[in-house]
Each structure stands twice: as structure tokens, then as C-alpha cells.
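Below is one structure, written out as C-alpha cells; the observations come after it.
Order of writing sets the labels: A, B and C. Residues in every chain begin at 1.
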């Protein structure tokens, strides 16, 4: 009986099963500094205690995606160590702000599984919830992954596929943001004069800048999140995979794209919800990431006159500028340079 | 009307114009840890709360150049996104210590502009001031950059060129350092037995060690400073520039050279003023930086018997050792391996 | 007379000599965040304030090896700047926990020296002790290094070789760990159900995962520890050494192997003592590190029912998996892929 975790296979997951993940992690200002160094994020609320306090925060919260990556990373040894592919996300809600000093743990519930027709793999659906040492839930989201079967001959289970919302109800959003004193929102310091009312549904924004990824960078990031997926770290084995090299953690791409989106969306200070997300293509060290956004929807939130919710599509490409907003072709196939298609609700001051 | 910042051109700057830059930034011990990891800086005052407190500080201040880079980084999107070259620095004064927890913002005033004779570019002079959330000024300095014109046919403005001091008056220096109880200055812990009286004007010091720069390192550094200049990050476009690769942020070179200078100047614990600085040549990943120093001047500071001011010239080279103090040739042209010529006042205990 | 430290040679060391090293260093949560990013370490006690507090710590201590590297780094400019090889470690004891905010200094005593038969080099034995600003000793260990003579013709000194224990007495261990309330030890959060009683002497564990090292990573790490050994940083000179490239700091390998060992030894939360360690082969950027462990011994500690001591051999390889536990061949020569053979006492809850 090995003491080494070799990961779970499709047969190991039971619908309704609850998994408490290792390792609890106290988030610090050191993590936030690394996050800034890794992505160059410039949103004022997360960068400045003084700015955050002027609005009504106790101090600056950490970046929402840093919370996401830490919550996510813990699930990898139990959920996706033998994953063939990370297929998608849905229904992600940022429920409470996370501050340096908070300790984050993650628990997951298996909410569905369905064998693939090839009989060799299956899809597992998991709802993961991050919470602090006080039990405060800070994030929950659903993801589904394709996992190898241990033995192909094992019979297929009864398929259980959860119903997932295509988009979150904006009325459920914003609990991670106190009521803001937006009279103190300083456009100059925040980096943009454009607020909620300045954006139109259907508007597209090219974020212009590109960021080249290095091996050391994505490895530092992925280890910071204590994410142990093998494909990110081991050139000795990955040299023999179908790509011939390590793959960049998909969440690293989301964070790069989000940081690039500051240029055009500087006041979209908070990711309130993740409607969906797909890693459309792989990214490797040496690739340069670009991004563009489209405003999919706008909504007021009941009882809040301080902020509104923008539903944004964030698309990232590799080695291709986004002046022409590359996405799918006429047959709905993604162009080969597209690596991410991410759908989220952001809050923006009015 | 694009919501994306594509940077200012020569015509956009007005003499007297004041620009409040995004993003305010709370500096933390995480930033200082990254600074140490990026450069290996070993000055005791900035490394040790206990050492700093024994001298009269409340605790260890952050590295002076970390303050510089954070103040500088904020100016890039407004001042130098379309810069052809960062031509020089002058009159930089470190006015108050910066401690973890302080929030730094930057404001700039355009103090001069002059079109170049080619009609396509011009030089813009800016005084930038970094200040904390309480309004305490921590650094101000002048830099001038060559910026593209938007339209070459636009008429040249009346030239305004500010008078800049060739060197700061040492009597204006040292406000960032409390009166030190130098009886507690421990040479062993500080790393050198040589103090102010041991250095002679004209003395040259080879700092011996070399440091090779990696892409991931300068990118992490430059993003940590929230400096968005495109040439540092985008291999996809920079492969087609005149160098064929990304360029290292000049401030990264200053910090490497300063860290190397510990070996020979370990007690020069504080950069009090920047008299001038020029990035003489470009640096790329893979280059190895060496440095040497020359004592240009020495000065007592009125009312202070604890420290004296050394005016130091810090020269950095790439891929060439500094045993023969390489600088300019007989025609005053810099040797091709020289990348930095930096002139500053350091404080050193007596 | 140069002000630059060019390091000590064999002749410069005197048995009984005490060296107080520069630079005192306040450890912060930023250092710990970087440590996590560099190695992906997941031990719950060091990752989580909440987990550590539930057991009886005031809060989470930093990783033991981070303490080791910081204490070690300070000795390099005085002890091993001209070292030909770092030959071994022995008798290392972790005496007190280190928390963010503690300031670490190191003092060394020369406890032996012996000229080699070639007359060009000699071995120097040093006991180094790390202590906090209050004088609390946190770590001491012996290492011996091969150092060049300044002048080969200088006569050999009388050899003095200290007696070193082959292994620490487990009764001397554990002072860095408070008496733990192990009723609160949560296997799920810690990452393993296997505790002290589940391990057998002679048991071997393949840690399965591999980690590829990048130049930027080991340079960041080694600078974080303010370790100035030239071979790690200078490609310009190291291109001409016998390997043709920079060498990775041996301590970086220990930290990678220790982090990999989480997979199989997740509850071995504390390194209490280093019995011995040898860097058997060099590691370079691009190499992938794997590791395996063997349980060499087990011991109760008098007066402690909370934890027991496991004596572990930790072997690391490069570019070779450890399913067959590679070590020495039949002639006791290490296989060429083996880079580290490390012998330590770990504490584990009962």
C-alpha cells in the first residue's frame, strides 16, 4: 500500500462525496506582492490600502484571482492529478473579501460524473468552496474535468450531469464588496475616467499590450498556489507528451488577461462572478498573450447605487494581436491562436 | 473614442501641466522580499529591523531604489509609453524613509519640452514626486525622455529647457535618515570596516562580482513596479525591433549595480540623492552585469556628525569585468560594454 | 589595500577563530511567500497560521530550510567564497522556531582545518550558529568545505579534524516545536492519514513527482538567502568552468527534494536535525529533480507523547525517476544521476 498520492481516477469519485483538501494556507502581503510581480496587475483597490480604505474597505483585499488560484490549487491533488483536460468552469461567486492574514481552505463536493463514449475517460463535476478559518465562505465555483478511468473495462456508472447556470444572476453578486463611498473614487488614481455608465452592451475593447510568458514565471505562480499538476513542472516527462514541453496552468492565462484588461477596464475593480470559462488552447513558455473584452451585459444590483455589474467576455490569444477581436470562425471553431474564452461579472463604480 | 490608453505623444504635453498618476501602491514586506530575491541586496539597514532600530529608525526602511522604481513605474503610462529613449535623470532627492505599510502615489509636472531638429521627436522634461497617503514627499527627481510626435508636420513649440543642477548640494540631503546612534553601528554585521573617513576622492573600486540577468527576473521586477513600458515584456513585437529582443528596464540595471557595489561600499547604506544618470547602452537577458565605483566628492552635512556624504559614480558594464574601470574612450565615447553611468550621493557613517 | 572582499583562503582560517557574519536579516511573510513559490512546499504547519495555532504554536513558523538557507547564506562571503567544493554537513540542530519578524544573524567558529595531500587546497571545518535579535539560537550545524590555498608553497598547518556525530541523539531534538495538541491534528488538512506509527524502519518511498529547475528560479532563491557564491550567478565566467554553465546552489536541491517528499511524508512537518548531507553531483538549470526517502530509524523523545522522530534518508536525482530508489552501485559509487544524499530527523505526530 503506497503512502504516495497518485491521484484519483474516474472510478474513485462518487456523486455526493465530500472531499476536504489539504493544505490550509494563510494568505499574506507576500503572496500579493508576488501576484503583482507575476502579472503587473494595477487595480487600485487591490494595490492600495489607502485607496481601499477611502471607499469603505478595512484595507486592501487581495486580488480576486489570487483567491481563486489558491482555492483551486488545493483541489488538484484530489480532483485533477490524473485529469486529461480541465474542461470548464461555471457558477463561480466571490462571496467575501480576502485580506492578508486570512487562512484559506477548500472543500469539494462531487456533483456529477459521466463516462465518455470511448470508455476510457469520464467527466467529473465538482463544486469547490473556499472558506476562511472562521468558516466564512469566500468563493465557490463548479468545474468539470476529464479524468482517466483506472480500468477501461470497468462498467460505466449511471450518468449524473448537474444543471449549471449559463450566467449568474447579478442580484446574487457583490457580497465581497462593502457599500462604497464612491464620492472618494478618484479616477486619476484608479487609472480611467470611464465608469459604469460609459460602457455599452456589445462594446469591444482591444487591450493592446502583450505579455510573454517564461517557464520560471508560470512555475513560480503555480507553486505559489500549491497547485501540483504535473504537466506544469516536469520537462523530463513533458518532453515526451504530445506538445513536447510543459503546459502553462490555465489560471495563469486568466490572470495575465485580467491584468492586461486594466488598459480599457481600469475601473472594473472586482470580479464578482465567473459565469463560465474555457481553456480553448494550450499556452507554452515563450508565447505572448494578448487580450480583448466584450461587454455582454450590464445590470444594476438591487440596493446598491455605488456600483453596477458589467458582464464581460475576456478572450486571450497567443502570438496574435487583438485589434480585430479574434475568436471563433464561421463554423464556431476557435481560431488556433485563441487560448481562453472567459465570461465574468465585474463590478464598476457608477 | 478608445477607452484604451495608447500613451501621450510630444504634442500632448504642456509646460506646467500636472499629471496625477495611477496606481497608488501600498508597499509591503513582500515587496522588499522580492527586491532582495531580485538583486541580493545586503545593506544591513534595509535588511534588518533590529539593526535599523539600534541606530534610531523605527524599523527597517525599504531599499531606496525600490522606492524609486515604484515612484517611476507609475509615470510610464502617462509619460513614456511612446518614449523612444529615456535620456537622463537629475536632481533626485530621497526626502523621507519609506516603510512597509506606506502607500505611494506619484504626481508629475511637465517642466520643459523641446522639439528635435528631425521634426519627428522631441524631448519632454518632467519632475515627478512620490508621496505617501499622508502627503509626505518621499522622492522627487527630474527625468527627460525622447517622445514621438503624433504628426511630424505639427509645428514645433517654443523650446523650454529647465536648468538642472549638475549635482545636488549635499546640505540638502539626508532628510530620509534620522540622526543615527552610530555607536551602535556594527561593522561586522554591516559587512565592512571602511567608513566615511576611509574613502578618498578619486578612489576607484572594482566590485568584482557579476550577475547574469534572466528574462523572468527583469519581467518580475518591472511588473512589481507596475511599470508598463512595452519593450520589456513583449517578445512577439520586440523580435522585430532593432535589437531583436526585449530590453531590460534601465532601473533594473541600477539596482543590480547598486547591489554589486555592496562589495566595497557596504557601509554606503543610503542613496540620498541622484545627481544624474544615463542608460548608455541596452541590456538584454543573458547579459552579465559588472560594476565599479569612483568617489567623486565627499562632504560633511551641517548639523550631522553621524554620517557624511560620498558622491559616487557607479558604472555598470555587460559581459566585461571592471578591473580596469571601463568607461569612455579618448574621444569621450562610451565603450560598447558600458550600460550605465550613474552619479549619486550616498550616506555613510563616520 | 582593496576594500573589496575577495574571500578567505585556506591560510586565513585559524582553529578557534570566531567570525561574526554580515548581514542581519529580518525574515518576513514575504520571504515565506517566495519560499512557497520557489518550491511549492505544502506542509500545513508552515502554511497556515490557523493550523499551527490549533496545535499550540503562536502562529505558523517559517519553513525550517528557509531558516537554514538564511543562516547558511551569511557564511558564504567569509567561509566559502573561494571554496572548491562544499563537502558536507553534520550535527545540524533546529533549536527554536523562527517566525516572521525575527531577525537572524550568524556567527561561525572554525573548528578544524587540514591541508590536502596535493598541497594546493585544504579542508576547513566550521560550526555556524544562527540566532535571533534576542540571542535565541535557532540553528547550529557543522559544514566542511574545500578551500584553495593562497600560496601552494605555504607550509601545511598541524591538522585538526573535529569529531562529528554520525547521527544526532533524538533526545536532543524537538526544542523548536511546542508540545502539540495533536487531538487537533487534522489528517485531511495535513494531507496524509499516515502518522508516526505507520512508518517502518527500512521502508522506502518514491515521491513520484519531478520538478524542472530554471536559471531565474535558483538565482532568485540564492539571492533571497543573500548567498553570494559566484558559481550560481555569473554565466559570463561560468561558461568557462569545467561544466560550462552556472551551478545550482546545493541548498536549492535540498528544498526541492524536501518539497517533493510531501507526497508520501506529508505529516513529517518539521526537520528537527540534520545528521549529514552530501551534494553528490552538480545540478544545472534544465535538470529535473526527483526524490525518494528511506526510513533509517525511529525514536520516541523523552517526555513527548505528541510526536516521534523519524530518521530519514532523502535522495535526490536529476533526470531519472526514483521508482527503483537509485543510490550507490555495488562499489558504493553514486550513480551519475544522484545529486543529493541527505540524512535528517523529522518529527511526525503520533
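As a convention for this text, a residue touches a chain if its C-beta (ideal position, glycine included) is under 8 Å from a C-beta of that chain, and two chains touch if they have at least 3 such contacts.
In UniProt terms the chains read A, B, C = Bifunctional aldehyde dehydrogenase/enoyl-CoA hydratase.
In this text, all values refer to a predicted model and were calculated from it rather than measured experimentally.
Under the stated contact rule, the graph of chain-to-chain touches is complete, every pair of chains being in contact.
Residues touching across the chain A and chain B pair largely diverge in numbering: under half of the numbers involved belong to both copies.
The geometric centre of chain A is 36 Å away from that of chain B, both derived from CA atoms.
Looking at chain B, residues 28-31, 33-34, 214-217, 220 sit in touch with two or more other chains.
Chain C meets chain B in the complex at residues 2-6, 20-26, 28-31, 33-34, 77, 100-101, 103, 105, 133, 214-217, 219-224, 226-228, 230, 233-237, 246. Contacts from chain C toward chain A in the complex involve residues 28-34, 36-40, 42-44, 47-51, 60, 188-192, 194, 198, 205-212, 214-217, 220, 263-266, 286, 288, 319.
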